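Two complexes come next, and they have one chain in common, chain A, joined by chain B in the first and chain C in the second.
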Partner chain A sequence: MKEKLSPIQVSILVYMIQSGVILFSLPRLTGEAFGTNGWISIIIVSVIVNINLILIWFVFKVGAGRSMFELVNGIPKWIRLILSLFLAGIWLGLGTMVMVKYILLLKMLFYQNVSTLLLMTMGLILTYLLVKRGIYHIAKATVVLFYFTVWTIFLLLFHLPDFSFIRLTPFIFQGEKDLLRGGAGIYTALLGYELVILFLHNVEEKRLKAILVGNTITSIIYLGVCFVSFGFFSFDMLLEDMYPVVTLLEYISFPVLERVENLIFSLFGLKVLITTVMYLWASKEVLEQQFQRIKPKYLLLIILSLSFFISIFQKIMRQVDQWLEYLAWIEVVIAFLLPLILLIVAFFTRKVNKEHSL
Partner chain B sequence: MKKTIIVFCILLMTTGCAQKRIIDDLALINAIGYDLSEENEENLKVTATFPIITKDGKYDRKTIIVEGKSSKSAREKLKHKTNMQLESGQIRVSLFGTELAKQGLLTQLDTFVRDPNIGSRVLLALGKPVASDILTLQIENEGQNATFLEQAITKLHSESKTINYDIFQFLRDLYDDGMDPILPAYKVEDNDLKYDGVGLFQGDRLIDYLNPEDSKLLFLFRKEIIHGDLEQEIELEEGKVQQIMLSYVQTKHHIDVNSVAMDNLVATIDLEIQGDVLEFTGEEDLSDPNIQMKVEKLISDQLKSKGNKLLLQLQKMQVDPIGIGQHVRNHMKYMRWKKLNWYEEYQNMEINVNITVKFSSNGKWK
Partner chain C sequence: MRNHRNRYFKELEKQIEKNETTSSHEKTARNAIQNKQDKKSNISEFQSFFQNCSDLSCTEFPHLDIKIYYFPYLIDKTIYDQHLSEIRNVTKEEFEAYLNQSEFPVLQDVINVEEAVLSGSCILFFQDIAYDIPVKNGETRSISPSETETVILGAHDAFVESIDVNLSLIRRRVLSSKLKAIKLYVGSQAKKVVYLLYLEDLVSETDIDHLKKRISSIKNDGIVDTNMLVQYIDEHPNSPFPQFYTTERPDVTVYKLFDGKIVGLLDDSPFAFCTPVSFFDFMESMDDFGQRWVVSSFIRILRYIAIMITLVFTALYVSVTTYHYEMIPQALLPTLLESRSRVPFPPVIEALFLELLLELLREAGARLPTKVGQTIGIVGGIVIGQAAVEAGITSNILIIVVAASAIASFVIPSYLMSASIRIVRFSFIIIAGFWGNIGIVFGMGIVIIHLSGLTNLNSPYLLPISPMYPKFLKYTLLRGPFKKKLKG
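Showing the complex of A and B:
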């Protein structure tokens, strides 16, 4: 944990935590939430995320570069314990559910007869290997996985012959809308950025720029996918398709290779893996601060066992979706509240420190 | 790095989790046809054809016909009629009989979009009068009917830019509120398969067929033929019918919508094609610019009158395969479009066609 993260690593890490399973249904979600030309909403949501990121950065500016755990030392111990358990629980749940959702999709699309638990075990083994070595090694692995997956965005070029501006229609945000719930749904697609609060103090330089660039990469990729979808599908068809991005992948055909979605979808698993890894890592970090007597390795094993235990009961897609929705909402609140609380604490301690030094 | 290799290996190994399928034991359906049952109106008649290897090692095919309440329930019955494991992941072509298509295709297409095994590039076509005729036809030395159909439809694809013949394109136009889909139609003639124009749809219901000649004009209006051949009969002098053939490139395609008054919509289709003359049976000197211009005008006028006739026919049938609706929709405010009874408006609106034909050369001969 001595090594510091470089800004590029942080940008990539932020992108890889953010992008996950929601991408597959994102074009439909934007359409359902904002109506026609819903892809524009990604820009709005992205701006809000940027504001949130600035808020998180501000915490460290005020806290003079101290980590979140150093900052919360000022809070009474019992509050800290409750807060930590709560955060660890939510992050553990989110990390697990994201992977379960991906596995259920994988099962539906390709491996109908394979047990969820087998796939989950594989995922958790990988997670263990990555989380064990700490954030620096996770970041290094993430950069490699990023290059494995990021080229897939260029597959969108295959859809240009079928893209038509006429289908985009000049109507902006018309038709049936579900702004609040649907909007929150789109916001959750960008979630994951809030975890920077745990490692921002560990970044070498250009902290703000690094995290904003990370979110911008995600937003641009989401925007590209949604924009192409709105001109590729007709609007009503987009609303009917559960996973428009899977259909997009399905439609690609090379001269000797068809149905490449089999391959690409597995590659997406790498992004999902990083999302899970980071949430479980976050969960471990928080618990580690509270239970310093337990060896970190055992703590990690406990977390992974819990995660596996949760996944045993998740076999139905709509239940998982429901869980993901609830957890994501709580996470949105955490993303805003946690930096705010820390900001107040940081202000307070700074004031106290100043008085002391006087 | 070691970790990344492990990560990659485990991901690769997950592919081994898939169910084992031995290719010799599989019946890979490559074409499937749907018709209304002749005995029971509520039932479907499903025809499936798949390649097999015969005992003496020859490549052959097997065609099975069953009846069932839905596509998947018919598939259950298909299972009982073969000793092999049925797989629908290799379906290339799906055919629909005329009567079934007239009732609507959406319920039948559901199985294609819901089942993740089936891709969105499955080609769709209509069978005249029934799909099973086409799939059961045994053409000598031609091999698989499915392959023939696949190649024939793909050929139609390659002759144009995009034509709505695969499942994705069909559904896209079906769900577009300003456009109706079309599908190519095939029939059996003299023990051979023959392309026989396109079927016009209103929503998912087949309304009528268009003959191959009119279909060509329709594709021109849909901006789907970027380059093609045009055959025309002209009369430079009265009583003397001459043939002329052009190989052309579409240089302009524009659909414009104007509303003169609130409820008076006018659409104009502007087309320009430039072509080289490949054949001319007349005796006139085609290298003469004056004659060229005269012939150009003659062809343009003929195409225009044909186009007008076709459009009136489409308007009368209340089908909009050209997508005039998309342009009308994009021309007005959202609320007005939603309140508009589009098909009624379409039937009564004025649609003008301007076609300009230009010769880029008269070929190698005077």
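Showing the complex of A and C:
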């Protein structure tokens, strides 16, 4: 690959991977997990993510700028094969489930009569167009998609007149709590950043800053949405509403258009698309390293077919949520464990290289 | 005759050998003689080339053994007569001496002879050697204001069909030896001249080489215009979007040159092309630079809004009236329903019908003479404006929507881009008719992915938005003040 990614592209890419459909239920999730003023928990979670990102960056530093695939060359082939298949499987599953979840939600809220498979096909066509040209093209398209979607955050200004600090209550993290499970749920809202490990070596400069800024953008947007929701809804109402952010959108009306939540939610699909695209791209990259004889184009088609095949069986939201929860838990472990493994490998190879040079 | 000629050649050869400081003209003549010794006669080959070309004139002077071939309408008769008067009363020896001293180049190859006579030279055959007498007719259409790119502020001259005049229009604006011009040819049979202009130090050599290769590799004949030429050299021939910026304004061309672009001119075409350009170059007009920066920036923003209106306004109408009635405010709903109730078709048919009618009207207006064009405008206005509603074929509101998107499409300064966006709009309307808002978003996704994948001379089409260079944004999305630009 000739072209390198610029730091701004990387920041935006990180934000777009992280930002997902969970945003629509996030205020409720924070409330359920941390109680009153649960929105503050986003800051805590964001700090943990930053630590994880620093860990990934450290791998890059110790590995002297080598890519993940160059680093794992030191591991025996059969372990590499198992690891690759495992990672590819998880990422394929996550990418697919994120899109299926969005589609089921879209279907449930607005398009009851539209077939899931049709919407899935639309999503996979866009995914194919993006993934086939590689990470540089994905990053370029992501920046434009970012501009097309990020303005929606300013719609929160519509809620300011009805925002009340009294609803925030003076109590922090009080009431019923579900710290471990709920906290992990919120953590999964920020997932996606771990894919940075695959393209960090392709970034031009200011790598650490770029990825941290990306996570900060996501955190600020999540924080803003949650904060407004906590001040707009009463705490009890927030816990009752399945998708409080959709309700927020329903409230917006323009002089010539109202009930724009349909349009905004559809537009949000472009953010979900990038999440899916990046997970499927990651899956393709890992498999491409292992099966170099298969043409990348065929590999991509196999991945997309598998993704489509998985989506056929997902009919109920609860089932998808369950899958997403399991996959996200595994992904959290991967997010921490993969950099650690690579760090150890990088450290040893560095040591061996030093001994050789001596 | 043959003996005489051989003697002449021998004498000439001796003379050349004697003369240590041989002129290049004489060298060429010697080469021509050497080549001639084992080749069939130049003149017969030339005549075979132009067999059945009865418009080729020939003037003979038997006492001098010369034949002059030319196309009467390609040459300047006055200069031609001057030359003729000089040779009319001379003897053969005097003429030989005159030719040796003259600056008329000897054409060695019959292909060169063919090219020269076609480009407006007289070919003088003397003892089977062809001499090129440049008497080209400089007549061309006079320089007039541009019709496709009108401006209120700024220069009003536009390119014409002569490449020499076009070059002069650029050269007189760029008074610097840094302006370089590379001459290339396109085509295999009928070769056409292309000039690549650029300012040294502002353009990368790789880009120039790349472009040179691409242009030289074109073997197709019949490329009559720059807008045709660029379609042979662009990187994504199947894209609906124009990738090379073409203009008929010299001031725009010069601005692009100073902006570090390579400019191309094709003979007989009043258009220049610029490369590498991005999508945002098509949104610029020379008027932007004459206005105050605040005004220009506002107008530029207006143009981007116009693109969005052109692309999705009608599609949004179709989507809302087909699937999402809940999006229409209570106050507007009765009016819309009342208007729609008389229309027997679904919104997508209604919209497509009106949009097609408008495109037909636009195309008819563009092709017809101005006087008839006005009639078409009036007829179209009545049909679209009133009759369609009264007949119950379309709704009032749709007419406003379609008119708004048509007006918005004409706000886009580039004719090429405006046409492309109007075509893409049709797919948006159809997709909105099938899948509503999610369809529009899907279409938008496709367009964005497509645009961000386009390149022009390997430079991204959406530069500086993607990949992003924030400090250039104020000079592309907006028109930043000049002072700061000079400092930067």
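Some notes on this structure:
In the analysis below, the second predicted complex is superposed on the first by the 358 of 358 C-alpha atoms of A that agree within 3 Å, B and C clash if a C-alpha of one lies under 4 Å from a C-alpha of the other, contacts with A are read in each partner's own complex, and residues count from 1 in each chain.
Everything below uses one rule, namely that contacts are C-beta pairs under 8 Å (C-beta built on N, C-alpha and C of every residue); 3 or more make two chains touch, one makes a residue touch a chain.
The model shown is predicted, which means the values in this text are computed figures rather than measured ones.
Superposition note: with chain A as the common reference, chain B and chain C are in steric clash.
Residue contacts after overlaying the shared chain place A:6 against chain C, while chain B stays out of touching range. Using the contact criterion defined above for the overlaid structures, shared-chain residue A:253 touches chain B and also reaches chain C. In the superposition on chain A, contact of A:269 is made with both chain B and chain C.
In the superposed model, A:234 makes contact with chain B only, not with chain C. By the document's definition of touching, of the two partners only chain B reaches A:175; chain C does not. Contact with chain C, but none with chain B, is seen for A:147 once the two complexes are overlaid on the shared chain. Once the two complexes are overlaid on the shared chain, A:126 sits against chain B and chain C alike. Once both structures are laid onto chain A, the chain C stretch out of 188-196, 440-448, 458-466 or 476-484 that overlaps chain B is 440-448. On chain A, the surface patch touched by chain B in one complex and by chain C in the other comprises residues 110-111, 114, 119, 122, 125-126, 129-130, 133, 137, 141, 144-145, 148, 253, 258-259, 266, 269-270, 273.
Contacts from chain A toward chain C in the complex involve residues 5-6, 8-9, 12, 106, 110-111, 114, 119, 122, 125-126, 129-130, 133, 137, 139-145, 147-148, 253, 255-260, 262-263, 266-267, 269-270, 273. By the touch criterion given at the top, residues 1, 3-4, 6-8, 10-11, 13-15, 17-19, 113, 116, 119-121, 161-162, 168-169, 171-177, 179, 323, 326-327, 329-330, 334 of chain B touch chain A in their complex. For chain A in complex with chain B, the touching residues are 36, 108-114, 118-119, 122, 125-126, 129-130, 133, 137, 141, 144-145, 148, 161-162, 166-167, 169-171, 174-175, 232-237, 240-241, 247, 250-251, 253, 258-259, 266, 269-270, 273. Residues 320, 324, 326-329, 332, 435-438, 440-442, 444-446, 448-453, 460, 462, 465-468, 470 of chain C are the ones that touch chain A when the two sit in their complex.
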